[in-house]
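Multiple structures follow.
Paired with subunit B in one complex and with subunit C in the other, subunit A is shared by the two complexes that follow.
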Partner chain A sequence: MLPLPTFSVLSPRSVADAVGMLTDHPEARLIAGGTDLLPSMKYGLFSPPALIRLGGVAALQDITTTEEGGLRIGSGATLRAVGRDPRVQRLYPALAAATRTVATSTIQAMGTLGGNLMLDTRCAWYNQSSFWRGALGGCLKCHSGPEGAICHVAPKGKGCYAAHSADTAPGLLLYGAEVELVSSRGARQVAVSALYGEDGRDWIRRAPDELLTAVILPPPPPGAVVHRKLRARASIDYPLLLTAAAFDPEGGPRVVVSAVGPRPILLSGLAEAFRDGGVEAVAEAGYKQVSPLSTHV
Partner chain B sequence: MSEHEKPSGEPVPVGRRGGKIDGLPKITGAARFTDDLTLPGMLHGAFLRSPHAHARILSIDVSAAAALPGVYAVLTGADLPTPYGVIPVAQDEHALAVGKVLFIGDEVAAVAAVDQETARRAAALIRVEYEPLEGVFTIEDALNPDKPLLHDERRRKGDTNVLRRVFQKYGDPEAGFAEADVILESSYDYPGSTHVPLETQVALAQPHPDGKLTLWSSTQIPHYLHRIVAKVLGMREQDVRVIKPDVGAGYGGKSDPFANELCAAALARKTGRPVKFILDREEVFYAHRGRHPTRMTLKMGVTKDGRITAADFKAWAAGGAYASYGVVTAYYFGVFLPLPYKLDHWQFESHRCYTNHPPCGPKRGHGAIQPRFALELHLDKLAHAIGMSPEALRLKNTVEPDTETSNGLRITSVALKECVDKVVAASGYLEKRGKLGPNRGIGLATSAYMCGALHPIVQSEMPQSAVQICADRSGRVSILSGTADIGQGSNHMLAAIVAGRLGIPETDCVVLESDTGLTPVDLGSYSSRVTFFAGNAAKMAAEQLYAVIRAAAAEKLGGDDVVMAGGKVFRASAPEKALEFADAVQLAEERHGTLGFVGHYKPPKIGSRFRRQSVGPSPAYSFTAQVAEVVVDPETGFVTVERIWAAHDCGKALNPTIVEGQIEGCVYMGVGEALGEEQSYTKTGLHRAPSILEYKIPTVFETPEITTIIVESNDKEGPYGAKEAGEGPQLSTVPAIANAIFDACGVWMNEAPFTPDRVLKAIERRDREARRAAAEEGA
Partner chain C sequence: MPTEPDADLVLTLRVNGDRKRLLIPANRTLLNLLRQDLGLTGSKHGCDVGDCGACTVLMNGAPRLSCVTLAADAEGAELLTVEGVSVGGALHPLQAAFHEQVAAQCGYCTPGFIMALKALFDERPDPSDEELNEVLGANICRCTGYTKILAAARQARERMNGRSA
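And then the complex of A and B:
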């Protein structure tokens, strides 16, 4: 077993506490379920001097119905709690389904919805031990990468192609979800569709002092929304491809694909394609809009 | 309970079902693995590993590491200069690199410190100056005399990185091909894969004030480890004691001495403190010793009525940086090519090469998996070509009992036909083949494997297994053996034989194994030898104890028709007047003195026409037939193995529950190698996936429903008829799946593993060829 680096733990009891600590300790990182953070720290991807543990902030775990008829899901709600919530199952079945495809049931019991949305982009050239990355000579995403490091996925490119791998994001995007970000400067809401950046290094549009407190879902759209995950094995694995698809008899199909680049992609022009050539044409139109590069082994 | 008839006609009750005698402690967590052991003052070891695939070491500066508080000792290659290797003719390893590093992950220096974190931190402070050398990464590189040699002390003009080339020819292949009606030739590629035991390699060394040393280790080979530790540390063998605690599996991956064992021992001697040295999961991928990635070509001929007339096989294995068992691998490739079939005219040429990768070695089905994959696919192709059922083609060519093969293997018991018949019937193979509709298919393969190498690794006329048993007055029987139970059930096997002979429950036996300070020598858990070899030694000891107790009981009971069964000793003619087993033991002890007996096993001298055939022969062979049913998704290329039927001729199941477990484990491992496992490296020699997240062993969802069928051929020389069950059943799995994929969608998967991208490419090629054929027909 790999040892963890040494760090201290701060345990806020309220959102205000947590936000204050985040302001006071800019080098600290937030930990909720820790299912992604701790393995990454064991790999030496980063070594924060302190972790702010969100498990003690009870309010973050609430799932409540909004006045509009949607749901407000606390970022600290576990994936299991979200997936088992009857309101989520009834109103947002694609979200419930997505939570059940994350890693394994034990990780779903520890991991949180907020943590899943904040999942760092992943790449086979990056998510490795410090020994391994040293032998490789680093890459663009390694914070401590040497001068002249390249992206091994696309050596001639300038960007980092590490793949967005948050299983719940595509469905939430189609449901029109927003996230609430709170800092000592106040609170703001950002659509999930606007949450992610275009480069694997600059993948999240969250300020360092902001805490993701909740996911706010409007009432579900008419028609069905489904979630599909392609992965090497039927358990534990990160996605090779994520798709969420919505079909509204009025508006036609909407499809989000992810895990093929640093952010989820809402495909365009599908309504026209569907009108002209049905499902096959939608698939063709979608296929043309993604150009996956292998970030897997 | 099934009973095995002894030649004398008296039944010996072996074959009881049930859990292992040492199963409960493992389930409840009471078992003690090496990492569970802690000693006062114990230090922890860590390695500095090479970041280069091939480089000369110009200098090593350990001063910063040695100065770090909490560090007790630092070792480099200069401290342990004695080369070693598990095979006497290939002593090419050092505990720590001497002069050169040969793969990314090669051990360069070792540190002992108060805890693992400090040891790791110290290792990172060691400064090494390297001169990078050109890497040797492919078969082409290895065969190229212009490339640098990994082990360059042996360089002569024209030398390449081939560790061993083997060429053997039997009969007249040219004449054999001339007899054929159909000749096919194909290339095959089988990937490297690794063992992934649940427990990583762990060693704990304790120095003693008198200069002696005790080493606990998660090893499959306590005896060889004992010898090599003594050699490398310059100690007398009498002063080294190797103990193997409970081990969380090996599959061949713990059959070599490892740097963590040697460095734990050396650091303990240097510091005067116990040192524990555990590998993390990534390091196990570098320690490796797994399956050789192998490129093969196979040419075979058959007559129209399905007789195999000739074969020509070539194999090239990229074996990594050290020899390990690679010399043996090169021989096994050929020796196990034809078996289980009769083949009179054939030849093979194999090359085991060095490359700048983690070293390959033995993995379950060592040396036989790759040729079996090629040959079993090839047989289906030939069957297809002559319009014969694959099962009929196999049955037509199967070896017969009590014969000798063209390459001089003595065949005794064979129940392969029964295995084939049973899997074919259970799976509905004949009804299903070609009829399951698009993208669903069924495939068959058969195989054979050894039950222990006839010749020991280190030439010797001494026994290869030995067992000592004592009966005490309580009625408990202790069994001392140097065998290494690594989870496969060899402890239970010994108890089943002794308890079966004495008519007592296995749980009344205490097995004390794998302590070179206490137990008689056994060569270890490799080559599927333990049941046949140590089982026979246990039988020999048990028969003696049985005779003494029986004689004493006969005197007391007044007649010699004495039977020992159900924990009682009684006359068959008067079962109501039974002695308790313990009472009979006491009578025997009064009469005979303390009851202790030894048994040993040395395989018979089996003459061969071929003097050179020293690697490969076994006193007996196991046989397997398997059928796989698969579904292929033509959109994504994903293959789902839905069911496997596996029939295995294990001679006699000493405990059917454990035999079934071994068959299931073999099938599971085969499914992993078929679907996704691959030791894959970047072009600079860096392992692409040194973690069990990215190295794709099957989860429960990828594991098919497995139907196991035990077939008993009752081998005349096996202990109460038993042969091996731990490795042979894996040989059929991958080719059965490949043949099922052909049945499903008409593509031959000549390259494993059958990953979605490979399957998809094969399907696209099939469609392209079909379109071209249609166009040509149209034109």
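And then the complex of A and C:
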């Protein structure tokens, strides 16, 4: 058995309560579905003194239509609820598809859209039990003392290459989605494309006192957007590669790839490549822009 | 006013129809609440990190991996475990089908499969093979190779819809 560390629990009923608790207890962690946080805590990756449970904040589960004709999806909406919402299916099919590739149907019924966007970056050397990691003295990301200051994937490098593995992020990025972050200092909106950092340790641009309350989608772009996930098995597995691709007859292809580094990557120069060499040239141009390392769990 | 976190908490919930009220440590998982505090050992302790599905229970009708659920999240909830699936001593059609099809070898994964499939049948009384397979993909069996589990799920579907199987 992998015991959970000791912690206390806070159970807010409103966003204001949750934000107040986060301000009062900046060292606490937020928990929604728990499907990423609790395994990591059982593995000893972190042991916060308190967890703030978001499950009791009903307002975070709302999915509403915006005045602009888009959608505002509460961060606490489960992946299942998002994937089944007829408006999501009609307007943002790549998002609906992405919710259905996360882990398993049971985990989709537990995990939330906000939780998926806040999924910690993952690595074969990081997502292991403390016993397992202890044999090698840890790594750059799991902070286990001076002997841990090495990356086992790229031992001569100074960066952490733990992979961004959130299935919903590439599609949301192509849809131009923003997230709402609320703290006692106020609310701000950040594009999903600007939410993530460049290093597997410093992968999220969220202040410690901020609560991700909603994902805000503008009206969908013209043309199709699709989501694809490559994984070893058809179920449960984290991605080996994530792609979301949009094709606008006017503007050409736009493609985001993820699970190949600490953040989703919007590929560049694809319109020219497509004009000159079609889909093959787009794939070639994309391949040159990513350099995945063996971080996969 | 700052709220102090609770290291212990009083939890009120219903388990298989019975009202329970317990004082538990805040770091209790739902699986340990069921197995240790309530003595309901039908839900199994498998991988402990949400990969295998052996601990699946229904919480307010939705499937839930109890090993990665805080007991605190079950406050006020209606829980169903494999112990509560049979009705009046008679096996649920899913249980009967698993029995008739010999869809278990070691049997450790069986309660999780029963609960995950029950969640599907409660919502979709006549699911497609694709829907059955999606649920089977949420649970790991390392003995049977899934063939007999799928046969049992199909038999339950046919019987529950009044067709011969």
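The criterion applied here is as follows: the second predicted complex is superposed on the first by the 293 of 297 C-alpha atoms of A that agree within 3 Å, B and C clash if a C-alpha of one lies under 4 Å from a C-alpha of the other, contacts with A are read in each partner's own complex, and residues count from 1 in each chain.
Just so it is clear, contacts are C-beta pairs under 8 Å (C-beta built on N, C-alpha and C of every residue); 3 or more make two chains touch, one makes a residue touch a chain.
Since the structure is predicted, the reported quantities are computational estimates derived from the model, not experimental observations.
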Which of subunit B and subunit C A:L10 touches, first, second, both or neither: second
Touched partner set for A:S235, first subunit B, second subunit C, both or neither: both
Which of subunit B and subunit C A:D24 touches, first, second, both or neither: second
Between subunit B and subunit C, more extensive residue contact with subunit A: C
Partner chain in contact with A:G34 - subunit B first, subunit C second, else both or neither: second
First, second, both or neither for A:R53, with subunit B first and subunit C second: second
Which superposed partner A:I107 touches (first subunit B, second subunit C, both, neither): second
Doubly contacted subunit A residues - partners subunit C and subunit B: 1-2, 234-236
Subunit B contact footprint on subunit A (complex, rising order): 1-3, 124, 128-129, 131-132, 134-136, 230, 232-237, 296-297
Interfacial residue positions of subunit C with respect to subunit A in the complex: 2-3, 5-7, 9, 25-27, 29, 45, 48-51, 53, 56, 62-65, 68-70, 72-73, 75, 116, 119-120, 134-135, 137-140
Complex contacts: residues of subunit A adjacent to subunit C: 1-2, 4-11, 17, 20-21, 24-25, 28, 31, 34-35, 38-39, 42-43, 49-51, 53, 55-56, 80, 103-107, 109-110, 234-236
Parts of subunit B lying in touch with subunit A, wherever the complex brings them together: 49, 51-52, 104, 116-117, 120, 280, 282, 636, 676, 680, 682, 684, 686-691, 693-694, 696, 698-702
